[in-house]
Structures are given as structure tokens and as C-alpha cells.
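Look for chain A in each of the two complexes below; its partner is chain B in the first and chain C in the second.
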Partner chain A sequence: MTGFVMRRIMMVFPVMGFVALFVFLLLHLGPGDPAAIIAGDHATPEKLAEIRAAHNLDQPIPWQFMTWIAHVLHGDLGTSLLSGLPVTTLIASRLEPTLVLAFLTLAFSTAVALPLGALAACKRDGIIDKLATGYCVLGTSVPFFVVAYFLVLVFAIELRLLPVQGYPDAADGFGNLLLHLVLPVATLSVPVIALVTRTVKTALLDVLSEDHVRTARAKGISEASVIVFHGLRNAALPIVTVLGNIFALLIGGVVVTESIFNLPGIGRLTVDAVLARDYPIVQGIILLAGAAHVLLNLAVDLLYLKFDPRVRYQ
Partner chain B sequence: MLSMSFRQGGASLTAFALILLTFFAAKSDGSAMADEQKTIRAVMHAALRVTDPLATTAYITRNYGYMIYDTLLGTDENFKIQPQMASWSVSGDKRTYTFQLREGLTWHDGSPVTAEDCIASIKRWAERDTLGQRLMEEAKSLEAIDGRTFQLTLKRPVGFVLQAFAKLSPYPLFMMPKRIAEMPFGTPVTDYTGSGPFRFVADEFKPGVKAVFEKNENYVPRDEPPSWTAGGKHVKVDRVEWIVMPDAKMQVNALRAGEIDMVEHTPFDLLPLIEADARIMIRAIDPFGSQIMGRMNFLHPPFDDAEVRRAALLALNQKDFLQALVGNPAYYRECAAMFICGTPLETDIGGQTLLNDTMEEARAALAASDYDGAPVVILQPTDVGVVKTHPIVAAQLLSDAGFTVDAQPMDWQAVVSRRASQKPPEEGGWNMFFTIWNATDLLNPLVNHALNGRGTSGAWFGWPDDPKLEEYRMAYAAAVSDDARKAIAKDMQKYAYDQVIALPLGQFLPQTAWRRSLSGVQDSPIPLFWGLSKN
Partner chain C sequence: MSPRNALHMLSIRSWYRPMSLPRGMTAASVSAAAVLAAIAALAFFAPFIAPHDPTFVAPTVRLQSADQTYLLGTDSFGRDLLSRLIYGGQVSLLIGLGTAVLATAAGMLLGLTAGYFRAADSLIMRAMDAMMAIPSILLAIAIVSLWGASLQSVLFAVAISETPRVARLARSLTLTARSELYVEAAQTLGTSPFQILWRHVIPNALGPLIVLGTYICASAIILESILSFLGTGIDPQIPTWGNIIAEGRMYIEIKPSLVLWPSLFLTVTVWALHILGDTTRDRLDPKALTRKMADQ
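Let's turn to the complex of A and B:
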């Protein structure tokens, strides 16, 4: 088991190295010149050269990459080309909304999807199953912005029950913050619930057809116990994998939802930085998002050990 | 199963009760109401990211400058220059300008504003601003007389000293403490000390999200009524928040819901949603608005040939561009004045073809020229609403005239990067691009960058190398009467149209929407937050 864990951890480093190199090359070899963007309407050749020199953009690409990596290894992701603020500060200031949104979405979606998927599996081809299947198709097909605008129109504009947008400071009232997050969480949860419900149902159907479940039922164990302790537990692997991937995706920033509801999260920071060719910010975010993906996959792998003892012996 | 259902039902009820509790807790929190009345939340046209007003010509940074810095002189709604931080006197030979700071001026940290601070600010500004550079070329000395007085002595009399000091845009002359003004360019300005009517709340600054300003309690406004950047800057609220909302529809929704107080530029297509809302006021507070501008590249064929440029000018007409961008004629104005309609230098001389359909003449002119059918590379931004329609319209009109057009789609920042390239189009350069200018940047030959003729070393993108343009600019700078300035501007515009130096493609008026709970909204080319109050 220790070997399994160590192997997984050691794989993190080459993956992160590849991510760093890929991101750096993608940005620096792509179109767009930060110096011209900074210079604006007065971009004379002399001024462009001055700006490039000030930000080391005139140095060879390998030199820039090595310098950046050296700083990253010291925990310094650089400074924004436009605002001059440290990238770590900018990312840190945007993490909270994204994390809160991701946690709430995942918690709410799981709370709804787990019983819904289980019910659909237990009552296969019944009315609940058909409704759940219909919802899954709809939930994964309707774009975020359609759901978002619809919810805003109904709950914020017409009924005036919820705020339209924003992310107030939690210090000014936690209830107020929660109210502002109801619509974004609901928007994001629509496809997440659909995805998780479908996964739960499929995984549970596989497990429920196995011999040990039939044996459990034959022994007279209640249906609820069979579902929870014999069904869901053994169906946990694909569910945990999907939840892990969804969480990593949400942490990476949900651009459309953050933009529509004016949440100052990582997604908006990423888009703004890409459009402004603010290389240090983009590099920093993608590096951290890559790290989040890798670490969450590692966590999922470790959860496998908990849910499936067979993994320990492979 | 039954017990499970009960547990689920109980959990649902608990969750519902919690939501209701938080809902009512938030709704019943009346303590925030008083603060609400002292805070203005405005969605501005762009996000503030750069806080050095001389590091960029971005309008949002300029507007930020007007919040936290003050200017020596102001410009009022009649284009008259007025004292602001300082009054002035001019010697009989018009070579010596003496400026005296009014009493009681202090920086945000409480220290007094001194003549040395002003001199350092002027020198910093003159390094960046072309008008400032010209002024320094004419200056013999700039020195402090005492703590509140300084003197500018010129080599010869020129007529633009006060215009330069009071210019609205780009690069207004903001006063900074000497310690900031003497920092080398390229060093980010993270000391936000100014002497303006607001102070910047650095702790709450989130670039791309929010910028917060608080009332400067120590600011001493002038006694005169406010008028543009002149007069008394009386701040009547405690706090102004500039909020960035990337989604235009949500800006309008938030305004309707009362979550924000103002949207600086409401997209034209969304105006019908709020026009009937009695709680909301809509008006173009900027009386001149913005001008659509097309620009050709003078370095490479086919637009290095004046005959081909003239054929292209004949093919374009303002109405098509304005209809595509704005639609409603109430919000635009066909105007051939390079120095903007409604200003002292307004004239349509030379530009009448832009106001009419002259496609037949364009075809004939192109056929008579040496144009060989080479593709015209047009940079076509696809992501920014106010600039994405122009290349499409231009491509159609130029095609109709007989040009071969290659419109290349890209994002706006790619346009910004690529327009700086002086290479041929086939090597990553370009032939034509479009942008918009705030009218304040085009008001006269000295600030209008499109009419700069200093070629690859100093002209705006496209780089026309035309000494005659520079002669006009020098003459305008030396002119000492309004009549002389008007005559020079008129001749310059006629010449610029003849050589097709710039393509003014119409003036449009961005609409500002605000809740009627705001009062004191001033008409001005710069969005002003002093004088505003909230009920």
C-alpha cells in the first residue's frame, strides 16, 4: 500500500513539469504581444522595446522558462504585467468564491443526486426512473447561461426573492452571502446533478445484479440496508471518480457562471488574463489548476484504497 | 424505506427552514440601509487594472486619475480653462507663466501640496505626453518661486500652455507627490496618494473586479459650481464602488433590482429593457461621445498609394457603420468633423463623401488607380461589442468597390498586438483596422493622434510620414488666438481628408443609465462622481 501511495505521489512531479512547460510554450508561442497591450495607443517601436526589456520579454524563450520555473520553485509565481501585483496575491484573492461555489455545488448536487440515482436504479423503468433519465438528458444538454438567465428572471427579477448578482464579504453577513450563492449554485448543480445521478444509477444497477446482493436479500436484510451498505458502497468507485473530476473542474473556474453572476473567482481571472495576455497570471492559474487536478486524482486514488480493498493487493 | 423517507423529509424541511431563516435574516438586516445611501455602486465601461495614469491611455485609468488626483487647471463645459488647484498669470511678453497654488491643498496623507510636487508631476507627465514633450521643448525653465508658487518660462510665446495643463484627455496633467512623480517609469505605482476629492481604498482593490474610493474629508473644494473638470468638486457620498460586471444583461438586471446605481455604458440593444422603467434614467452624459475611426497602413501596398486610399474613402459611408453599431439614430450622429461635432473646431470640410453614398465614384476611382487586386488585410476583432461590427461593414463596402478583402478574425487584444507591427501584411502586419476614440482625445490638432505625421518613429499606427501635418500642428501650437486656431484646424482637416490620413466613421453617444435615487449626475466627457448624491 505504501508503494502504491508513493508511486502515485511521485507521478505528480513529471505531470506538473509537463503542465508547466506546455502552458508556458502555449502562451509564449501563441499570437499576442503583452508589450503592445501595455503600451496601448502609443506603441512606438522604442516604447515596445522598453516595455519588453522591463519585463524580460525580449529574452530567449528557454531563458524565460527557466527563470520562471526557478521562481515557481521558490513559491513566487511572478507579478501581473498590467497591475504589477503579485500573482499569488491575485489568485489568493479569487480562490474563496471559487472554492465556496465548488463546495456548495458539490454538496448540494450530491445530496440530491445520490438518492435520486439510487431510487432510479431501485425502481428501474418506473416513473421515477423515467423522470430522472429525462432530467439527466435535459440537465446535461441545456447550456449554463440559459439556466442562469431563467433562474434570474424568475427568482430575482419577477419574484424578487434573491439577489441578481455579486459576492458580498462574508464578514458583512453570512446569510447575505448564502443568499447571493443560491442562484449560482442552482445553475451549476443542474448539469452536475444530472451527471452524478446517471453515474449513481448505472453503477448501482451493475452492483445490484451481482450475487452478493441477491444473497443479502435472501438473508432478509431490509431493502434500504441492501442499497446503502451493499449497493452504494460497492458502487462508490465510479461515483467518487466522477465527483473528484467535477470538483477539479469547478475549482479550475466556471467561467460562464462566474461571469453571469459576477462572482470574482478564478474563472474570470483566467479569462481576463488570457485576453490581456498577462502571461504570469495565466501561467500561475493553469499551474495551480493542474496541481488541483493531479492532487484530486491522487485523493481519489487513495479513496479507492478505502472503498475497494482489492486495489491494495494489486 | 418508510423511515428513510421520513429522514429525507426531515432533512428537506430543515434545509428549507435554514434557507428561510437566512433569507429573512438578510432581508431584515436594516442596519445596512444607512450605509447604502452613502455608497454609490457603478458599473464602469471597463475594469481598472493599471493605476498609473501615465502608464496607459485606457480611459478607465484616466477616470481613476480624476477621482484621486487633482489638476492644476480645469476645463469647463464651454471649453474655457479655469483655475483648479492653481491660478495663473501671464507676463506681458507671454513668455512667463506664473502659477500659484490655492491655500489648504493637502495630499491624502495630510502633507501640504507644494510647488516642488507640481514641478515633479509636470516633468513626469511631459516625458509621456506628446503635448507635454512639445511644451518642454518650448520651455526655458520651470522652477519654484516659493512653497506655493512656480514659474514656467518659454523660449518664445506659444498658445497652448494652458490648454496642455488643462487637457481632458489623453494623459491629463495630474498632480502627484514628488516622491511618486520621481519614480522611474515601469515601476508600478502602489502608493495611491493624491490630493483629489476621493482617496483610493487599496485594501479593497481587486483588479478586474472592484475598485473602491472613499471621500477625502480633507479636500477643500473651490467655491464655483462644478463644470466638467473645473469648479467645486463637492463629494456628497462616503464611498464609490466601481464594480466590474462582465455580463451586460446582468448589468441591466442588477440596475433594475437596485443592486447597483449606475451603468456607465449601457449596450444599445439592451436599452429597450429599461427605457420604460420609471425608476431608471437614461441619458448620454458625455455630450460628444465617441468616434468610430478606421485606419489604413501607409507603409505597405495598397494603401501607401493616395489614389487607392481616396477610392477606399469614397467607398465608405458613416451611416452603414453607425447603423451596424448603434441602430437607433437617436444615439448617433453622422459627422465628418475630425475634431468632433459640437466643439469649437467643428467643420465638415473635405469629408462630405462620408455622409453620402459614393460607391459609383469609388469604383471609378479604384479602376483608375494602380491597385493590382492585392488583398486588403483587415483586422477583425470578434469579442468586443463596440469594435466588432466596423470591419464587417468595411469589408462589404470595400468589396463592393472592387477591393479584394481578407478580413482576419481575432480577439481585440490580438488586434492591439498586431496593429503595432510594421511588417507587411503577409508577414503578420496589416492594411486596415478600426477602433473608437473618446471625443476628448480628438478635440484639436495637438491631441488628435490620428493626425500625427511623424512616420514610423512617432505617428500613430499606420505611421503616415507627412511633414505637412507636422507643420499644421506646429502652427496650431504657436497660434495665440481662437480665430487663428480655427483656421489652421480647418486647413489641416481639408488636407488630412485629401491625403486620407484618418477615417472618421461617425460619432455615437454611449448611454448612461442610473437609478433615480441618484441626483446631481453631471453632463461631462469624463464621468464625474463629485456632486452626486443618493437618496
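Let's turn to the complex of A and C:
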């Protein structure tokens, strides 16, 4: 078992190495001179030379990669071209809205999707199952911004129940902040609920056809206990495995949602940086998102190991 | 993960039951195919069908509501919304199909190599893991912004971010096929690896890969629309559904139909692709079939 854990942990390093390589090559293998890309449209030759020297662009590519990696490992993701602030500082200052958004979305989605998926699995082909599966297809088909504008149109413009956009300071009233987060969280939740409901249902269906569930029923345990203690408990693992997918979904979601609802989070920072061609920020965000994803998948695999003893003996 | 499970995890169980249609067809799959055929026909024959020039600016008829001349009204530049929607389908379908073809080709090449030639396996798959770790939207935005926003770079960016999924599936299918007796027999007879891949492995892997291709087509269309919407995609001069929504959102309080119509086109297209993928998968997936038959 320790061997398995060690091998799994060691696998993180080559993957992270490749992530870093891709992020680095993104700027350096593209058509055009990186210095010209950084300098913008109206740069003089002197200015270009200056930039090349400042960003080590006059060095051989492998050497540039090594120095870049060395800086990254020391926690230095470079400085923003526009503001001149360190990228890490900028990212840290934008983390709060994104984390709040992600946390609320996860909490809300789980609260809806768990019972929905369970009900759909219990009464297969019943009315709830049909509605839930229909919703799952639709929820994964609708792009985030379509959901967002639909909600804005109905709840903010027609009914005037909720604010259209903004992220007020929590100090000015926590309720006001929550009110501003209702629509973004609802937007993000639509596909997340679809994904989780589908997973819960499939996992539960697999478990419910197992022998031990039949035994439990034969013993006369109430159907609710069978579902919760024998079904959901064993279905928990497949549900955990989609955490990585949810993360990827949420990243895509915050990029769009924060732009629409004007929330000063990581997603907004990414879009602003891309539009302003502030590449160190874009690189930094991609690198961190990749690292977070890799670590999350590691955690999921280790959880699997902890909860499913069968894996350990393989 | 067995390919069967892999296939099953790709998507949702279908929500329809067979009716009195021919075997393998359902009301949902037939309507999905009809919708896709209609959108493809609209896009392909756009110059003949579209009632107006989608880029013709007519400031005197800005933000008109629907009437006989402009069936769905006009946008803030006085351009005909219906014509723009019809032309927008061209870009979406082009990106969707192009990505599906490119990503499937690249992913198959990588996946077959990794699955058959074990020496290459860990190198290729760690690289694929790394690409999958980068959220596809970030990867696509970054590639397009660095390499310039054109149809080609968007296609390339979206295809790159979808390739690892194909590579993973192709690899796992290759691994399964490799352990089959007939492949072993072919190896014993001295058949070259390329012959084996071409004759035995690829035909067996094709079904699941086509299903995945359908889903990739759907997610490529969504990804393109997100890029257009954020202003980091195809030139706003070219009508795409994402571009139309991005422009229309300024006027959402005055004329919500500028956002709602392209949203509808986009959602229905992606929905139809998902249904089509699900139907095909259910026909190919013996596990779902067994479960279905056990239910009868």
C-alpha cells in the first residue's frame, strides 16, 4: 500500500513538469517574437532589446525554461506588465470572490443534486427520474452565459428581485453581498447540479443492484435506510471521483460568470489580463489552476485508497 | 477502467424509452437528428436562405422589432438578426466538426501509440494528464490570445484542449484489444504492428471514438461561443452565435431577443449533439443494453 501511495505521489512530478513546460511553450512556441508580443504594437527596436534583456529572452530557450522554473519554485510568477505588481500578489488579492462563489456553488449544488439523484435512482423511469435526466442533458448543453442572461432577464430585469451585477464589500452588510451572489451561484450551479445528479444516480443504480443491498432488503430494513446507509454510502466513491471534473467546470464557469456579473475574482482577472495582453498573469493563473487540478486528482485517488480497501490489495 | 465503463462515464443515460420506431431509434434521437440536419442545411445554404446580408449595416433600422422584412428584427447596427443567426451556424458547425476530426485524429495517433507501444506509454500519458489538468477554457483563451484571433487559431486551440480525452479513450481501447486472442494470434503470425492496429484495433475502437467525437463536437461549439462571447475569439465582424450574444447583451433591457435567439440556436444544437451521442452510445454499450433488457 505504501508503495502504491508513493508511486501515485511521485506521478505528480512528471505531470506538473509537463504542465509547466506547456505553460512556458505557450508563449515561446507561438508565431511571433515573445518580446514583440509583450511590447505591444508600437515598439522601437531599442525597446525590444530592453525587453529581451529584462525577460531573459536573449538566452537559449532551455536556459530560459530553467530560470523560469527556478523562479516559479521560489514562488515568483513574475510581474504584471501593466501594473508592475507581482503576479502572486495580484492573484491572491482576487482569490476571495472566486472562492466564495465556488464554495456556495458546491454547497448549493450538493444539497440539490444528492436528493435528486437518489430519488431518480429509487424510482427508475418515474416522473422524477424523467425530469432529472432531461434536466441533466439540458444542464450540460446550456452554456454558462446563456443561463446567466436568462436569469438576469427574469429575476433582475423583469421581476426586479435581485441586483444585476456587482460585488459589494461584506462590511457594508453581509445580506447585501449574498443578494448579489444569488444569480452567479445559480448560474454556476446549473451544470454542476446536472453533473452531480447524473453521477449520484448512476453510482446508486450500480450499488442498488448488488447482492448486499438485496440482503439488506430481505432483512426487512426500511427502504430509506437501504438507500442512505447501504446505497449512498457505497456510491460515495464514484461521486468523489467527479470532483476533478467539477473543478474544471467551475474554472470555466467563473471565467464567464465573473465577467457577466462584474465580480472581481480570478476569472475576471484572467479575462482582463488576456484582453490587455498581460501574459505573466495569464501564465501564472494557468500554472496555478493546473497545479490545483493535479493536486485535487491526487487527493481524490488517495481518498479512494482510504475508503476502498480493494484497491490496496491490487 | 474498462472501455465499457469509460464509455459509460462519458455521458448521461438517455431519458427516452423506445416507442414504435425502428430498433435503435427513439423520438428524441430522431428529433435531434432532424434539428442537426436543419441547422446544417441552414448553414450550408446560408447565401440562398438568408433574407439579408448578415453584415449590411443600416443605421436607420437599428433595433427594429420583428416584422415582415426583418423576421426576427434587427440588431444595434440595423443588421438582420435572422440572417446573422443563419450565418453564425456556419462558424459553430465548422468549429465543431473540425475540432472533432482534428482531436480524434491526433488523439487516436497518441492513444494508439501509447496503448500498443508500451515504451511510449508513460511519456505520452503523463503529457496528456498535464494537458487535461489545464482547464480547457484557460488553455483555449491563452492560445487564441497569444496566437491571434482567427478561425484557424480558434479551431487549433479548441482541438488541442480536446485531444487528451480522445487519447485516453483510444489508449484504453487499444489495451483491451491488445489482450484479445485474435491480436495475439496475429502477433504470433508475425503481422506488423501497423497492420494489427489498422486491421484489428482501430475497427474495434471506432464505435466509442465516434461517440466521443459527438460529445467533442458539442463541447467545441460551446467553447467557441465562450471565446467569442468573452471577446477573445473570432473577429466580431464575423457573425457567430457567441459574437451575436456578446453584442446583444448591451441591449438586453431594451431588446432581449438579441440574446435569446442566438442562445436558443446554440443550446438546441448542443442538446441535439448530446442526444445523438447518447443514443449511439446506448446502442454500442452492451452494459446499458443488458440493464435495459433486465428491466423488461
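Throughout what follows, the second predicted complex is superposed on the first by the 276 of 314 C-alpha atoms of A that agree within 3 Å, B and C clash if a C-alpha of one lies under 4 Å from a C-alpha of the other, contacts with A are read in each partner's own complex, and residues count from 1 in each chain.
Criterion: contacts are C-beta pairs under 8 Å (C-beta built on N, C-alpha and C of every residue); 3 or more make two chains touch, one makes a residue touch a chain.
Here the structure is a predicted model, which means the values were calculated and not measured.
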Look at A:143 in the shared chain and tell me whether it touches chain B only, chain C only, both, or neither; answer first, second, both or neither. second
With the two complexes superposed on chain A, say which partner A:157 touches: chain B (first), chain C (second), both, or neither. both
Answer with first, second, both or neither: which of chain B and chain C does A:289 touch in the superposed model? second
Using the superposition on chain A described above, determine whether A:261 touches chain B (first), chain C (second), both, or neither. first
If we overlay the two complexes on their shared chain A, which of chain B and chain C does A:70 touch? Say first, second, both or neither. neither
Partner chain(s) touched by A:6 [first = chain B, second = chain C, both, neither]: neither
If we overlay the two complexes on their shared chain A, which of chain B and chain C does A:275 touch? Say first, second, both or neither. both
Tell me the contact category for A:170 with respect to chain B and chain C: first, second, both or neither. neither
Check the residue A:61 against both partner chains and state whether it touches chain B (first), chain C (second), both, or neither. neither
Overlap of the chain B and chain C footprints on chain A, residue-wise? 31-32, 37, 149, 152, 157, 259-260, 275, 277
Which stretch or stretches of chain C touch chain A in the complex? 8, 11-15, 17, 122, 126-127, 129-131, 133-139, 141-143, 145-148, 218, 222, 225-226, 229-232, 245, 249, 252-253, 256, 259-260, 263, 266-267, 270-271, 274-275, 278, 295
Enumerate the contact residues on chain A facing chain C in the complex. 11, 14-19, 21-23, 26-27, 30-32, 37, 124-125, 130, 133-134, 136-138, 140-146, 149-150, 152-153, 157, 198, 201-202, 247-248, 251-252, 255-256, 259-260, 270-271, 274-275, 277, 279, 282-283, 285-286, 289-291, 293-294, 297
Any idea which chain B residues touch chain A in the complex? 1, 3-4, 8, 19, 21-23, 25-26, 29, 32, 47, 49-51, 55-58, 128, 170, 186, 188-190, 206-210, 243-247, 249-250, 253-254, 256-257, 259, 383, 410-414, 416-420, 422, 449, 456-458, 460-461
Can you list the residues on chain A that touch chain B in the complex? 31-33, 36-46, 48, 50-51, 54, 79-80, 82-85, 90, 93-94, 115, 149, 152, 156-157, 160-161, 163-166, 172-176, 178-179, 182, 222-224, 259-262, 264, 268-269, 272, 275-277
